[in-house]
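First chain A sits with chain B, and in the next complex the same chain sits with chain C.
Right, the complex of A and B next:
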């Protein structure tokens, strides 16, 4: 057993886990409040990828960018992407979920599938059905080997670093927001008991809207860093990433914010290890097998509390 | 409008059903000749479309009767088709008779339905949806990778199977065996298949109508409306749901078998997520749970998808563009947009008319329960 190879896969797992965790947060927040699986959430991630790519192509930059350029150009583009992705998610809620707030549970789930399906195929028309190239705006330099001169097969490059620099502060920011701000408190109250929260004077619809906005913005950011990190994508990328992230959210305990992050890293590492030992086509099957096992044996997830279904 | 049309029919319900059924059967039996006489050449598209209607009828058991949202129904279709392919593909040397294998297909699909159902049917509805979605994704992946199968008994060097090309990977199985009946060989002519598919359709509809009014059918509806209450009344939820999964899957096993034999070449790509969604749209648009509704809705959507969008509208577009000199008109390809339209359609139906176009009375009452409660509260 080669230890360096294992560490290398762990590093990959942690980088993949970072963007999966960011997507999983959106699933878990919406589920916490509405008990709805927002199927279209993965497609918001794909939207972040496509939208940021379109903006960057419009700016007509020469890549790779220098460090000041990365901060001064990619920073604002990311803010713009997050804004657009957040608004798209709010729009989906408005059109597909809000009219069905009191309908049987299956109804918004069906519209969610419809929204996801419509978005995916819009993306296919927008950017074509084949693989999309995302230019390597952030140069990929191997930090350990080239800068530090360590002879190792463990790869940790500038793009990995970029991914961590973007995703981890966003997660910390979200957790501070949910814990420390008034709106965050309102979110937690709404998640606990929507009716009681409404009676306490919380504008529930506004809380739901902000939840969708924040979740969408995080997924949008994930989509952009994914593009900068892997340099390739496809109109269906949201479908797969969405399923992985949903599995992460369930693994961590759906509705639980820390759980979503933990689940994201778990799934990232599982995925990387499965790539090491099995042909890569099986990765999805492995992740779905985890999903089924978790749902059957510990439906509350790692950090969630078991709830009894009420009449 | 429907009311006005119905006014022309006999008063008695039974007579009315017989009359409508007879008209329907006559249309189906004579359609190939009408098609040929009018020179429509739509038979090929419609035969394939009818198979999707049969699939939708199978999905109707799961989604409509039992209320279980299955997003991976195409997987059972794939399993049926590939079972037919494996048993009749010349390269594997089995080449069994179509009439034997079609039953095997149904049984294999039903067993797969039970295998996926057994661990997951305990889950709540929305989790079940995502697990079936995952299953629908895994099946084509597995099929694509079963082109070099080796099974060894662990810790020994005895190979049960070595380097077996079971599914021929992404290239798919071609050719698939065709049926022959009393010396008549089925060929590429869609006319040969039309009657076989219609017979299967009639069989499925009769089976489903019988199921609907059976003890099991009523148990499904009880589960759909309130699982906890049904459980308390002595309906075993797991067993009941499992039977819904198995029966629904077996219908798609039949449909998959005929489909594979008809199109002669099957690939994993034929059974993607789109198929599951298209079937779901048929069931929901038509009114979940209503057998005849699904039949009519399925036919309408199939004609829309396979005839109007795929054949006629592009022709009209081309001739209109030519007549008016609008070259930009030909640039809009509705075929590209059809999945977007279906996705948006799914949202619109659920928001505006969740009971579908032809609702069954029970389902309609269920979906508008909250409105009644609200009205009661106001009054």
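Right, the complex of A and C next:
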């Protein structure tokens, strides 16, 4: 067994896990509050990719960018992307879910699928149905070999670093937000019992709106980082990513924020290891088999107790 | 809300999403049975001398540019025919082309159920004389049995999977022809077995030694990769690994790290443009495989004008990507009619025809010629058109002169090789399975 290769796959798994976790958070937050699977959420991720690409193309930059440019240009573009993706998610809630707030649970589920299809086809019109190239604005330098001079097959480059630098603080920020702020408290209260929260004077609709906004913004950020990182995508990318992120959210215990992050990394690493040790056509089967096993033995997911406590 | 209820809803949702995933990656293997008992002796003469040709290939999703171009090529072939005959259709018949789309709006790729419906539409329309389909070989597996039972001639603009017409996998090709009565299905292009064999021989001649083979696990991609593997073993290339990928995935780094570790000097990828090929190339570049001198070789599914752009620009593909094509690209046609096709296409539509447009045009030529000969023999029915198509002999198509053999395959086999220069495909000469015996 080749240890370096194993470590290399772990690094790849962690990077995959980082963006999956960021998407999974949106699934889990919305589920926590509305018990609704927002199927359009994966497409918000694709929206973040397409929107940021459109803005960057509009700016007509020479790539790769220098470090000051990365901070002064990509930073604001990311904020803008998060804002746009958040607003889009709020808009989807407004037109597709809110009118059905008190309808049977299956109804918003169907409109969620509808919203997802509508977005996917809009994307196909927007940027065309083919694979889309996302220019490598962030220069890719192999840190271990070129900066540290270590001769290894483990690949850890500046783009890997960027992915971690963006995603991990966002996750920490979210967790602090939910735990420490007033709105976060309102969210937790609404998740526990929507009616009781409303009776205590919490503006439930506002809480729901904020949840969609934050979830969407995170997915939008994930989409942009993904583009900068992998330099490729397509209009249907939200489906695959959404599928894996949803699985991650369920695996970690849906409704549980720490669980979504854990599930994301879990799946990312399993995907990478499965690609290494099994024929890669088995990767999806492995991921879903793990999901089935976890749900059989721990129906509430890995960190499921937290969910059960609050019900 | 009690927790039991929530959990059961959750498992329901999980089941739902897994099913959606299966539906998306399964690509629809539905083998819908033909219900048409018509047998196909309807004479079309009674209804104002109109006959119809139904086409069926993807007209949305990533395949749209190719599908659109093939549709235009078919229209152009009809226009050229009418121009050459003073506006009169074959045998005095008005030929109408009905364009159907066999792609699913959900996945953007071909779908077996839709393809079966399309073939059935042709069967149910007494004026439909020829079913002109499909692009994807997998879709042809669904429609060939339907047209075969109905006794309708089917001709493809692009299918290259060998088993559709000749012995390949178990039971092929007879399983596609439930009514016997072969051939009812025709193609004017060469097949993947020859393409894969030629590619492996070409790789040998280029001096490659160790190959890693990838494919998209679809009928076409896996088929051509299988043929490549067979021939590679025969000519003495070492196969250091073989993997199939999930074509909707876009992050292949984990797999490519494994490929890199196997240290091949060539990666052969059985892909089409919308099944992950460009991403594999782009991520081979980012993971540094090209920097190490590894090359990528692929089949005609990647010979698409958009390849360079999608894989990350000319600097990625230039000198790193090699491609094969079982036929001649539109700009390489040497016949007079071929040059006319190429120039008129650009004049009419303002862009170059896509690679398979050559064969869409040529298949349409064959269709019109068959209707003409059927009309000359008396009446135009499904049976007489089918018979005329079978008897296509020394036909002057835009790729050259050919006949159909007893399997419905063309007798004219042309195989081209390409490299990429400035993001454009550069013709590297003709290749063949036998070339490894005496490399040029």
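Here is the rule we go by: the second predicted complex is superposed on the first by the 298 of 311 C-alpha atoms of A that agree within 3 Å, B and C clash if a C-alpha of one lies under 4 Å from a C-alpha of the other, contacts with A are read in each partner's own complex, and residues count from 1 in each chain.
Definition applied: contacts are C-beta pairs under 8 Å (C-beta built on N, C-alpha and C of every residue); 3 or more make two chains touch, one makes a residue touch a chain.
These numbers were taken from a predicted model, which means no experiment stands behind them.
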{"item": "Contacts of A:8 with chain B and chain C, given as first, second, both or neither", "value": "second"}
{"item": "Touched partner set for A:291, first chain B, second chain C, both or neither", "value": "both"}
{"item": "Which of chain B and chain C A:125 touches, first, second, both or neither", "value": "first"}
{"item": "Partner chain(s) touched by A:239 [first = chain B, second = chain C, both, neither]", "value": "both"}
{"item": "Which superposed partner A:271 touches (first chain B, second chain C, both, neither)", "value": "second"}
{"item": "Partner chain in contact with A:107 - chain B first, chain C second, else both or neither", "value": "first"}
{"item": "Chain B versus chain C as contact partner of A:76, first or second or both or neither", "value": "neither"}
{"item": "Partner chain(s) touched by A:117 [first = chain B, second = chain C, both, neither]", "value": "both"}
{"item": "Touching partner for A:99 - first (chain B), second (chain C), both, neither", "value": "first"}
{"item": "Common interface positions of chain A, toward chain B and toward chain C", "value": "35, 37, 105, 109, 117, 121, 124, 239, 243, 246, 250, 279, 281, 284, 288, 291, 295, 299, 311"}
{"item": "Interface residues, chain A side, partner chain B - complex", "value": "35-37, 95-96, 99-100, 102-111, 113-122, 124-125, 239, 243, 246, 250, 279, 281-282, 284-285, 288, 291-292, 295-296, 299, 309, 311"}
{"item": "Interface residues, chain B side, partner chain A - complex", "value": "67, 69, 71, 119-120, 122-127, 129-131, 133-135, 137-138, 141-142, 144-145, 228-229, 273, 277, 280, 284, 336-337, 339-340, 342-347, 350-351, 354, 366-367, 369-370"}
{"item": "Parts of chain A lying in touch with chain C, wherever the complex brings them together", "value": "2, 5, 8-9, 12-13, 16, 35, 37, 105, 109, 117, 121, 124, 129-133, 136, 140, 142, 153, 155, 230-237, 239-240, 243, 246-247, 250, 254, 271-272, 275-276, 279-281, 283-284, 288, 291, 295, 299-300, 307-308, 311"}
{"item": "Chain A-facing residues of chain C, complex", "value": "1-3, 6-7, 9-11, 13-14, 17-18, 20-21, 24-25, 60-65, 105-108, 217, 242-246, 248-251, 253-255, 257-258, 260-261, 273-274, 278-279, 282-283, 286-288, 306, 309-313"}
